[in-house]
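In this document, chain identifiers A, B, C, D and E correspond to the written order of the chains, with residue numbering beginning at 1 in each.
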Amino acid sequence: MRDVFLSNCEKNFIQKLVSEGHRLDGRNYNESRRLDVTFGSEYGSCIVRLGETKVLAQVSCEVTQPKQIRPNEGILYINVEISPMAAPQFEANRQTDLTVYLNRLLEKCYKDSKCIDLESLCIVVEEKVWSLRVDVKVLNHGGNLIECASIATLASLAHFKRPDVTRSGDRVIIHTIAEKDPIPTVLYHYPVCMTFAIFNNEVLLSDPSFIEESVCTSSTEEGINTGGGLLVIGMNQYKELCLLDLNGAALYDSNIVHKAIISAAESSKQIVDLVKQRINSDDTMRQKRIKINFADMITSDHLLSLTRKDLSIQLKKFNVDDMTLKNDMEHEDNDDEPEPSKYDGKFENKVMTIFEIYSLISVVPSLPQTAEIISNKGVSKWIEISSDSD
Amino acid sequence: MELETDVVSHASGSARLRLANTDILVGVKTEIDIPKPDKPDSGKIEFFVDCSANATPEFEGRGGEQLANSISNMMQKAYHSAEAFNLKQLCIFEGKQCWKLYIDILILECGGNLCDAVSLAVKAALFNTRIPFVKAALMDGGNIDLQLSDDPFDSKLLDVGTAPLLVTLCKIGDKCVVDPSAEEENCSVISLIVGVTGNKRHYYPNHTDKQCTESKCTTIGMNGPGSVVSKTLKDAIKQGIVAAKSLDEALGQALLKERQQNIGMKKHSYGFLK
Amino acid sequence: MGIEEEKPKAFQLKPMKCEFNFLSKSDGSAILSQGDTVAVVSVNGPLDIKSTSQSIEKSTLEVLYCTKGGKPSVADRYKENVIRQTCEAAVLGSLYPRTGITVTIQELEDFGGLLSCCLNCTCLALLNSGVSMRCTYAAITCAIDESGDIVLEPSKQHLDTARATMTFVFDSREKNLVTSVTEGVFSEDTYKEALARCHAASDLVFNFYREIIRKYANVI
Amino acid sequence: MAEIYKLIHPLKYFNDYISREIRPDGRKFHECRNIKLNVNSLKTAEASAVVKCGNTTVVCGIQLELASPKAEEPDFGYLVTNLELPALCSSKYRPGPPSDHAQVTNYLVSNIIVNSKCIDLKDLCIVPDKLAWVLYCDMVCLDNDGSLVDACIIALISSLKTLRLPTVTYDAETEDINVDPDIRTPLKVYGLPVATSFSVYKLPERDILITDPSIYEEEMCGGIGSNFIVCSNQSLLCGTQKFGGSNLPPESQEEALKISRDRANVVEKVIETCLANNCEINEI
Amino acid sequence: MPLDYRRFNGPEDSVSYKRYTNKYYKGYDELYKELVDDKGRRKDGRALDEARSMCMFFARTDLISQAKGSAYIELKKTKVVCSVFDPREIPHQNEFSQLGQLYCEVKFAPFSCAQQRRPHVDAEDKSLSVALRQALEPTVCRHLFPNYQVDVFVYILEHDGACLAAAINAAGLALANASVPMYDIITSSSVAIIGKKVFVDPTEAEEHLAMMSPETEGTNHGIITMSMLSELKQVSDFVQIGSMDIECVTEAMDILEKECENIVPNIQKVLVHNVVQSFNQRKQLEAEAKEREIALNVKMEEWKKLLNAG
């Protein structure tokens, strides 16, 4: 895996931003990005989108011999792949630490939590069982892979239906989907993993983006650790904890973990509900013989992706009137003034016309025979930043 | 030379050997397997050598792999003949089931003369390897259900009297040196490894069989970029056999003494890594 | 956004839908559906690669083909090779010596004609990434059914019963054959006829490319 | 001198030859190299063939095993073809697991055999759902000097043609298997697929089609693996493969199809003569 | 064993049909009887101490056009190909090595033995590669190509005993063919020992029996392979396996030494032939070049005339 470098500038910026109560994309601390689950034409294939993070999961099954120690249980196998598609730093056909870590977490969350009724996958004891294989492929790595991959695994497992089987004497007949209705997998409970980024040992961000993840686990330019870390919590819809994983250099005190668990309990319910609802609607669509296909995912959402502004932070109280006033007025903040919201589409506030920019700049003679362009001095001090979602 | 047996409680047999600066731990694991179709009445034996990076910095990463392979290869060759180690004693049920011995060799510290030390440690570990008795065998169609005795003391020991020892001879100048140190190994361009069968008498005092007292070569191999004149080669082999004989006798005595101590009183443990 | 109206008299291709910049982390990406068959492709590069795989003459093209699930196989490597060789003919690699261009293809749905969908999608993703290209290319799949008739863009059912299937790739400049992959047995005449019909159909694909690029270029 | 010129300016050297209407090894554009075929020279294999097309050397050996058929296809046997490109056949290969190029060539060869339907897998089944032959056909390239696929197909098909299967008796009651290696029946081979490789070289004014290219010629014409391979099986085509490289105008295609038809006849004759020769020896 | 995704795989449970033939399992005595007839002749008609090298030795060089040097050796049924490539920088190495290195690899063809060999590198391949390197190192002038390695690849097409010896002989020839500087011609030979009988240059069946442990205790058995630099009288590799007493070993060594010397003229003949051939080839090439030049000159004259006329 190639190294990804994060500039000190970026690090400091994000740290500062978070400490002031904002996030780069304008979310609240405990707000998740938009979650979307799309199913493919086959049973058990889905794409989960969490903001820009996209993960494809596909469940396949085959008949194999059971393991000797568990002769009456089916086998669940989870395989995670991160190809160069996810981000350029990943190399083809090479396992990174991240892949192994992700694989292990998902195995803990779905195999060790015993959420799947493996005994129902048995066909003939000691001879034939179903082996389920979940292939998780990361399409785009926009941060919080763990949560996205776990939702994808859950959704594909819950959506999957295996062919029906009948036994006649010694022989086992596997029916095609056309012959007999396939059977859904039995899930006792629906666990999902959620990630929290911790900044400065105290601030808890749910659903961190790629840059937040990288900043919180890295140290400052002087090599001092910032007390940041990643906390992964696996929880099912009954608010039962099934996985806890701590990462990074944060000193976790029990309060913060507790706080995270409470927050996770809330969102796990929402996520599971969403997944269930999507599966239900998918089922009714299928019953109505409406074709479902990944092609439905193609929209023109990304048409403007190169021109659209992703950042939703902006200079606070950026007002043409203020700017033309003297510097002293500049930082006399009156916080109670309502912020322009991203919904009212008043982009004019953000965009300065050329004329306005020029009005900020003054040409001054400095040394003999030189002139200097000095933009308004007051602006060059620390810019107050606001988040337009609050 | 320091030797200690039965150091790993989970293994069927084990030994730890310290020869000058060389430190080796050997564990023997037993498993049930199906014999090879062309040798239905024999068991199987397999050697694994692990050069831990602790032993010398050169082993870091994959550095030790080649050495590990060549040692395990050498051991496999040395134990190949029935004269050296009779695999028939590992047979449970002809053509159906047999014991398979996994011999794991861990090199903890490397101070020269690895081959010799490994072969000594393996022989010591095999000497106290216990194989559970098979209580009953149930025939069920083509399959066999084995019932093993649960009592760990209800087991048999292996006959390892003739198990081979390897002797490394380093050619330095015109002379060959037995038991070379790491420095001596560095000086020589060619070394000869001779595997010689042991003598049962040294291990089983009441063994009366007069027949096999003679030492035999089970394997010979050369190592290093140099070459030798055939006369030197012949002399070296002879020298190696003599050395192996005395080594074998010493090992036998040490093992017997230790076994008696074990029976006599509670074992005085040296600690795992002294 | 299909191209149904263009040439109603000859034949129609399955409706095509395409979206650029589907993946935010890649330098170029495209998702393409041809009928019910869908593939997504990402292009990264030119970027730094290991010195052992660098070439002084041209950029090293690495193509990775990912199936939806299951284990890797020799057949996947074969598809990968078909796509790599085709891209190599199209990309002006000599402009980026000592670098690597990574193309990753992920199959999403297969209802026949997956290979040509992957090839076309790759071409679109390359266009999107801004890598310099000698020409674009278009892939068309056809099948020869039981009775010996040629079916363009066959469906899954067609393929199951087909005597042979062929995939042809044509370049945009001379409209010559770049890649040809066939399966099954067929006579020489059928081959020629199939080739000619695919050749004609490739124009429709090129038109579609133009339309898509126009749409995106307007925004940018 | 010429050797050094070739080493330093390989493309120019090649271009010099081509523009004088001749190839570096003295052949005309459509001339094929000599073919040498030898069958049954390896005794450890059930059937074998050694083929030399110019310098390109491929050895094929077939070994027989027995297994139970797949559950989904109870009356089919197995034909497992593998091509090995060991490091010794060219300086381009490194020891280790098969490279991508080896896998692709391997797939190509297997695909041609499957497509040509020259072996009916049903012939390899002994008792449906219980017992079937497994044919392990391993091809090894000893010297890779271009047009590898052509040589592989010749080696494979001629060893398949010499293969004789032993008689097997299967006792349904006891599931006992008995093989009599002395009584053998030849394997049925339908048709005779022959592959011909072409390289396309682009001169500014025209495209030149080079038949049966050597490895050097392949490299000069769009790289190894971008050959146009036409595989004909008794007047039918069972594969026309081309992967990238210089593009191919329709006229050249016509030409290639015609040449491949002629070459198929020649190769067929070679194989038949060789097999007839082999039979004579067997009888003596 | 995990499946190999880079090849086509057959069914997992397939077994060679030979398992089910009547003659599959034979006892030790039965096998022993098959080897030697009453007159003390071996199955293929040789005397015990007669090597195949005497009558059925076939060797040639320049077999592989892509390699720098190559050789092929056939000892009746044992067939071995070897190729040697140009020196190249030692990959994955940080330190400068004063001596050049030899990289040796021995591989069996999947169809080289009666039982199918899986195409993976197995323990036997590895140990043969190590033995080959051991044998070749003393004879190659390694100080002449520091920090470079010469690749020696041996491929065994058919295995009928004495394959290590054949591999060493072939590699020696190929190295010479590749004009890698060497101190001496390297030759190798092997014997199989069963009881009191010593089989020189054994076949597969003889080797197999020699490796099997006889019923009676104390019988000598085993295989010895030795390689020699015959002019310098040096032993470069000695591999013994089995169980035998010291007298037996020394006796076998004398036989092997003689046998190795016997092979030398064979190797020399091939090498000389090789040199003569390449000389002839060069002469022929030069002659052709001259011819062409003359033809060209004639053409030139014609053109000149045409030009002048035009």
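Definition applied: a contact is a pair of C-beta atoms (placed from the backbone, for glycine too) under 8 Å apart; a residue touches a chain by one contact, two chains touch by 3 or more.
A quick map from chain label to UniProt name: A = Exosome complex component RRP45; B = Ribosomal RNA-processing protein 42; C = Exosome complex component RRP46; D = Ribosomal RNA-processing protein 43; E = Exoribonuclease phosphorolytic domain-containing protein.
Computed from a prediction, not measured in an experiment: that's the story for all the values here.
Student: Please check whether dropping chain E from consideration leaves the other chains as one piece, and if not, give the groups.
Tutor: Leave chain E aside; others group as A, C, D | B.
Student: What's the fewest number of moves from chain B to chain C, given that each move must go to a chain touching the current one?
Tutor: Minimal hop count between chain B and chain C: 2.
Student: Among the chains in this structure, which pair is joined by the largest number of C-beta pairs in contact?
Tutor: Pair with the most C-beta pairs in contact: D-E.
Student: Report the chain ID whose CA centroid sits closest to the centroid of the full protein CA set.
Tutor: That would be D.
Student: As a test of understanding: of all chains, whose mean C-alpha position lies farthest from that of chain E?
Tutor: A
Student: What is the chain whose Cα centre is as far as it gets from that of chain B?
Tutor: The chain farthest from chain B, judged by C-alpha centres, is C.
Student: Please compute the C-alpha centroid of chain A, do the same for chain C, then give the distance between them in whole Å.
Tutor: The computed centroid separation for chain A versus chain C comes out at 31 Å.
Student: If you average the CA atoms of chain C and of chain D, how far apart do the two points sit, in angstrom?
Tutor: Whole-Å distance between the two chain centres: 28.
Student: What is the distance in Å between the mean C-alpha positions of chain B and chain D?
Tutor: Here the centre of chain D sits 50 Å away from the centre of chain B.
Student: At which residue positions does chain B touch at least two other chains?
Tutor: Residues: none.
Student: Two or more other chains touching the same residue: where does that happen in chain E?
Tutor: Each of 6-8 in chain E touches at least two other chains.
Student: Which of the chains are touching one another, listed as pairs?
Tutor: By the stated definition, chains touch in these pairs: A-C, B-E, C-D, C-E, D-E.
Student: Provide the residue numbers of chain C that touch chain A in the complex, in ascending order.
Tutor: Touching chain A: residues 17-27, 29, 31-33, 36, 38, 40, 42, 44-45, 47-48, 62, 64, 66, 68-70, 102, 104, 106, 108-109, 111, 215-216, 219-220 of chain C.
Student: In their complex, what parts of chain E are in touch with chain B?
Tutor: Counting only chain E, the residues touching chain B are 19, 25, 99, 123, 126-127, 130, 134, 137-139, 142, 211, 213, 217-218, 220-222, 224, 228-229, 232-246, 249-250, 253, 257.
Student: Quick one: which bits of chain D touch chain E in the complex? Just the residue numbers, please.
Tutor: Contact set of chain D toward chain E: 42-45, 48, 55, 57, 59, 61-68, 70, 78, 80-82, 84, 86-91, 95, 97-98, 102-103, 106, 110, 134, 136, 138, 140, 142-145, 166, 168, 177-181, 215.
Student: List the residues on chain B that touch chain E in their complex, please.
Tutor: Spelled out, the residues of chain B in touch with chain E are 37-38, 69-70, 73, 76-77, 80-84, 86, 192, 197, 211-212, 214-230, 233-234, 237-238, 241.
Student: Help me check something: in the complex, which residues belonging to chain C touch chain E?
Tutor: Going by the criterion above, the answer is residues 71-74, 77.
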